[in-house]
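Shared chain: chain A. Partners: chain B in the first complex, chain C in the second.
Right, the complex of A and B next:
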C-alpha cells in the first residue's frame, strides 16, 4: 500500500493522519493485508455469505418507545444548547 | 474455596450482611487496583450504598436473588446508568452512560453489587490489555506480564480475588484468552444468548458478553443470570432453558471429545501442548472417549477475522465524530476537520489501524474481494465445525498458543499479537460457545488454559465438559 492509497482510505474513514502515522501505517497495513490475502487460496464460489444459523434473525416492530431521559443523552454532547448540537459553520 | 452459592446462603441465613461481605473485599480491591490497574472506574461508594440497601431489603424479609450481595465487576464497555463508560478510550473518557445494559441490569436484579468498571483494550481491540488509554492492567500471577485481552481487568480482578465474578465481552477471544493468561474460568456463550444491548459495539456479528469466575459452577451461575432473550437486541435468541448450573452437577454423561490436530501444531508452546495432551489422557481414564479430529480451515481463521472485525468496527466507530458525544478537538478549522482531527486525537493506534483496514475492506471495488469473501469463509468454517460435531460432542484445545507474555513484548508487532487469538477466533466467526478452564501452571508458574468448544446452542453441555476438566485439576 502506498501513501496515496493510505491517504484515500484515511479520507474515507474521516481520520486525520499525522506525519508519523503516514510513515508507519503503510508498512504495518501492508503486512496485515498480505496475511489476509491467504483467503484467496480458498474456493468460495457458490458459498452463501452468511451463517446457516443466522436464519434466526428477525426485524423489530417499528414502534416508538419513550426514552424519557433526554438530558442523559444531550449531557454527553461537547456543545449543546437551545435544543441543538452545535458544530462549526458549514454554510459560507 | 468460597463460591457464590455458599456466600449467598450465608447472606440469606443472616450469618453475614452484604455490607460485611463487601467490606472484606474492599481492601483487596484497593490493593489490586494499586498494583494491577484493574479498573478504569471504581464504584465503591455506590457499592456500599447498594450493599446497605440490600441489607435493609433482607431485614424487611426479602432475600431473593441468586447473586444476593455478591461483589462483581463489569468491563468498561458496558453501560451502567449514570456511570462513566470509556471503552478504554480517550474518545469516551468523559462519557456518562444514559442507560443500563441488559446483562448488567440482570446482574443487578439478581442482587449483585457492582464494585467497578474494569480496564480493557481500547474498544476491545487488543490481546494484552495494553491498548487501554488508561494504561495496561497487569497479571496477578506476575505483574510484569500482561493479563491478556481485551477483557484484561475483568480477568485480572477475578484472578486476584477482588470480586467473585465479572463480565467481559468476547469478539475474537477477549474473554477466553485473558481467562487462560490469568488462570480463571471465562466463558463465551452462543452468539445471541446474552443481549448486546448497552454493550459498546465493536464487531456486531462477533461480539458476545460472558462471565468470568474462579470456578465453573460460579461461571454457570452468572451465565444463568445474564442469559435470555432481549427484544432490544435484534440478534438475541432465547436459550430455551433457564438453569445452566444443573449441567455442572450432571453425572455420568459420556462424551466423545475431539482434539483438532490443527490446534496442536506449529506455534504452540511445548509445555501447553503437553498439558492439553495430558488433560485428554486423564479424561480418557475417567471414561471419556478421545478422538483426533481435523478442522482444516483453522489456518484461515485469523485472516477472515481481520477482515470481518475491522470492517464492522469501521462502520460501528463512524459514530465517534465529536458531535453528539465523545471527545472533540478544541479548535478545528471547519466541520470536516473537526471530525478528522477529533478522531485522530481521540483514537489510539490500534483502533485507527483497524478502522483503516476495515474502511479499505469495505471500500468500492474491494468489498467482494474482502468482506464478502470473508463472510463466505465463515460459512465454510461453520460446515467444518458441523462436520466435526457430527462425530464428537465437544472439542478440546489449548486456549492460547503461549502463556502470559511480558508487557511490551508484542506491541510493535500487530500480526504477532493477532496470532495470540488463533485458537479462540473460530468460535466467534461461527457463533459457537467456548470456555477456558485453567489446567494448572507451567514451569515458570504461569497459568495454562484449556479451551472447550461445544456445538451451537449447546452451552449446557459445554459447562458439563468444563466441570469434568476442572475436576482433574482440583
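Right, the complex of A and C next:
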C-alpha cells in the first residue's frame, strides 16, 4: 500500500485525510491485507460460499404501508424547502 | 451498417421500471408524478439502522421478464452493493445484482436476426435531481428505491435502425407481460448505448463510448448515427477513440463528453450483507412461465401464416396486446371465418376503429365498440346485408352510442336492398325522370352511368346494392335501344 493507493481509496470514500494520516494508514492497511492473505491460504475447496446471512430471502407482499411522518425525515436535512431537499448545484 | 470500411458494434443497456404497488425494499408507494418527497421512509432515504425487505412482486416481475426474453432464471441469485456518492442516492450505495443476476442468456428475434441478451438484473432506482435555480439542485426521493430491471444485450446490434427495432420489440414484450409501461418520455424505460467501430471483418472490438440521455427511440437512433459518424471521422484521421461516457444533446443533435468526476467509475461491488441470497423454486418459475401470454412475435406469425393477413396488418394488430386480444375475440365470434371476412375484420379494426381512436388522441379502448358488435358488423358486410358505405354510417352510430349494428339497422331501416324487383322499380323511375342523361349514355358516354347509379342510391337512401343497380340500369337501357 502506498500513498497513491490510499489517496484513491480516500477519494472514492470521500474521506479527507491529513498528511499525518496519509503516512500512517498505508502501514495499518497493509497489516490488514496481510491478514486477509493468510486467510486465503486456507483450503476452502468443497466449502460453499456463505457470504450473507444464512437462509433464504424473506419477501414482502406488495402492499403499500406508507411511513407517514415525512417531517421526521425532512427535518434532518440541512436545507429543505418547497417539498425538495436542496443541495449544492450538481453540474451534469 | 458499414461505411468507410468500418463495421458498427452496438450493445444496449435498458432500464425498465417494474409495475408494482410498492418500492423494491420498502413499502412506500411506487408512483410516478406525485408531489415531491411524499412517498419516502427511513429505508429509502437511508436512515441509520434500517433493513431492506425485498418486494416479492418485483422479483416475480423480473423473473417473468427474464422468461419472456428466453433467459435462464438462476435458482439462486445475489444482491450486491454498488457504491458511489451522488445526492440522488441517499444510502451512498445502490442495491443491485452483480455476479449472479436473476436472469441470464436470453434473446430477442428481429425477423431472422437473433440479438442475444447477456443478462437481466434487479436493482433499485435513484432519486430525481432537478437543476432549477442557479446555485442549487433539488432532490426528490419518491423514485429512490423503486424497482428497476436492467437488461443488457450482447454487442451484436449492427446499426442504429436495428437498435431502435430491438428497443421496440423489447418494449412490446415487456408491455404484453404487464411488466412495465416502458414509456421513455416518462422515464419508465431508459436506454444507454455502447458503440464502437472495427475494421470490416476484424474480430476484435474497437474502443467503445457509452451514450446516455436519449429520451425516445428516435433519439437513440439519432445519437448512435451521430456518434458513428464522429468515431469514423476520428479513426479516419488516424486518431484514437477515448473510452468515455457521452451525453446526447437533443436540441443540438450532438454528443459531448461527460467530464465529471463520476466518470472515474470504481463501484467496489460486494454482496449485500443485509439481504440473504434470493432463491426461486422451480415450481415458482414454472407458474410464472405459465402466466406469460402469447407474445407479439408468435401472434404476428399466427396472423400471417394461419390467417393470411399481411405483415403490415399483423404488425398493426399486435402493436398492443389489447388490440391483438380484441382482434382474436372478434375473430372468434365471426360467423363466417373465411380469410376474406377475417381480412375485412382486420381492416375495420386497423383503419376505422384505430383511426378514430388515434384521431381522438386516446389509446386503444375496446369498450367503444365491443368485439361481438364488431364481429356482427363485419358479418353483415361479408354477407352483403349492408354495403361497406352503409357499414361506415352504422359504425359511426355504434361508436357514438355503443349500440349493436343489428339495432342500428332495425331502427333506421338501413338494410341493403337486394330484392331485384324493388331495385328494378327504382331504376325505371330514375331512367324516366332523366331523359337527357339517358340520351348521353345512348350516344356512348358510359361515364354518365355513374350519375344514374347515384340517383338510384339517393332514392334508396344508399340502401340499394350498387352492383345490382349498375347491372339493372345497363339492362334496362339496353332494352330501350
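The rule is simple: the second predicted complex is superposed on the first by the 84 of 92 C-alpha atoms of A that agree within 3 Å, B and C clash if a C-alpha of one lies under 4 Å from a C-alpha of the other, contacts with A are read in each partner's own complex, and residues count from 1 in each chain.
We adopt the following convention: a contact is a pair of C-beta atoms (placed from the backbone, for glycine too) under 8 Å apart; a residue touches a chain by one contact, two chains touch by 3 or more.
Please read these numbers as outputs of a predicted model, since none were measured by experiment.
Asker: Using the touch definition from the top, say if A:59 reaches chain B (first), chain C (second), both or neither.
Answerer: Both partners, chain B and chain C.
Asker: Report for A:75: first if it touches chain B alone, second if chain C alone, otherwise both or neither.
Answerer: Touch partner of A:75: chain B, not chain C.
Asker: Touch test for A:90: chain B only (first), chain C only (second), both, or neither?
Answerer: both
Asker: More chain A residues touched by chain B or by chain C?
Answerer: B
Asker: After lining up the shared chain so the two structures overlap, which partner does A:14 touch, if you call chain B first and chain C second: first, second, both or neither?
Answerer: After superposing on A, A:14 lies in contact with both chain B and chain C.
Asker: Following superposition on chain A, which residues of chain A contact chain B and also contact chain C?
Answerer: In chain A, residues 12, 14, 51-54, 56-60, 67, 73, 79, 85, 87-90 are touched by chain B and also by chain C.
Asker: Which of the residues in chain A end up touching chain B in this complex?
Answerer: 6, 9-10, 12-18, 21, 25, 28-29, 31-33, 35-42, 44, 47-54, 56-60, 67, 69, 72-73, 75-79, 85, 87-90
Asker: Where on chain B does chain A make contact in their complex?
Answerer: Within the complex, chain B touches chain A at residues 81, 94-96, 98-99, 192, 231, 234-235, 237, 297, 299-300, 302-304, 306-307, 314, 318, 321-328, 332-341, 343-344, 347, 349, 352-353, 355-357, 359-360, 363, 370, 372-380, 382, 386, 414-415, 418, 430-431, 456.
Asker: What part of chain A is in contact with chain C in the complex they form?
Answerer: 8, 12, 14, 51-67, 70, 73-74, 79, 82-92
Asker: Enumerate the contact residues on chain C facing chain A in the complex.
Answerer: Listed in rising order, the residues are 20-22, 27-29, 35-42, 45, 47, 53-59, 78, 83, 85-87, 129-131, 133-141, 247, 258, 260, 266, 268, 271-273, 275-279.
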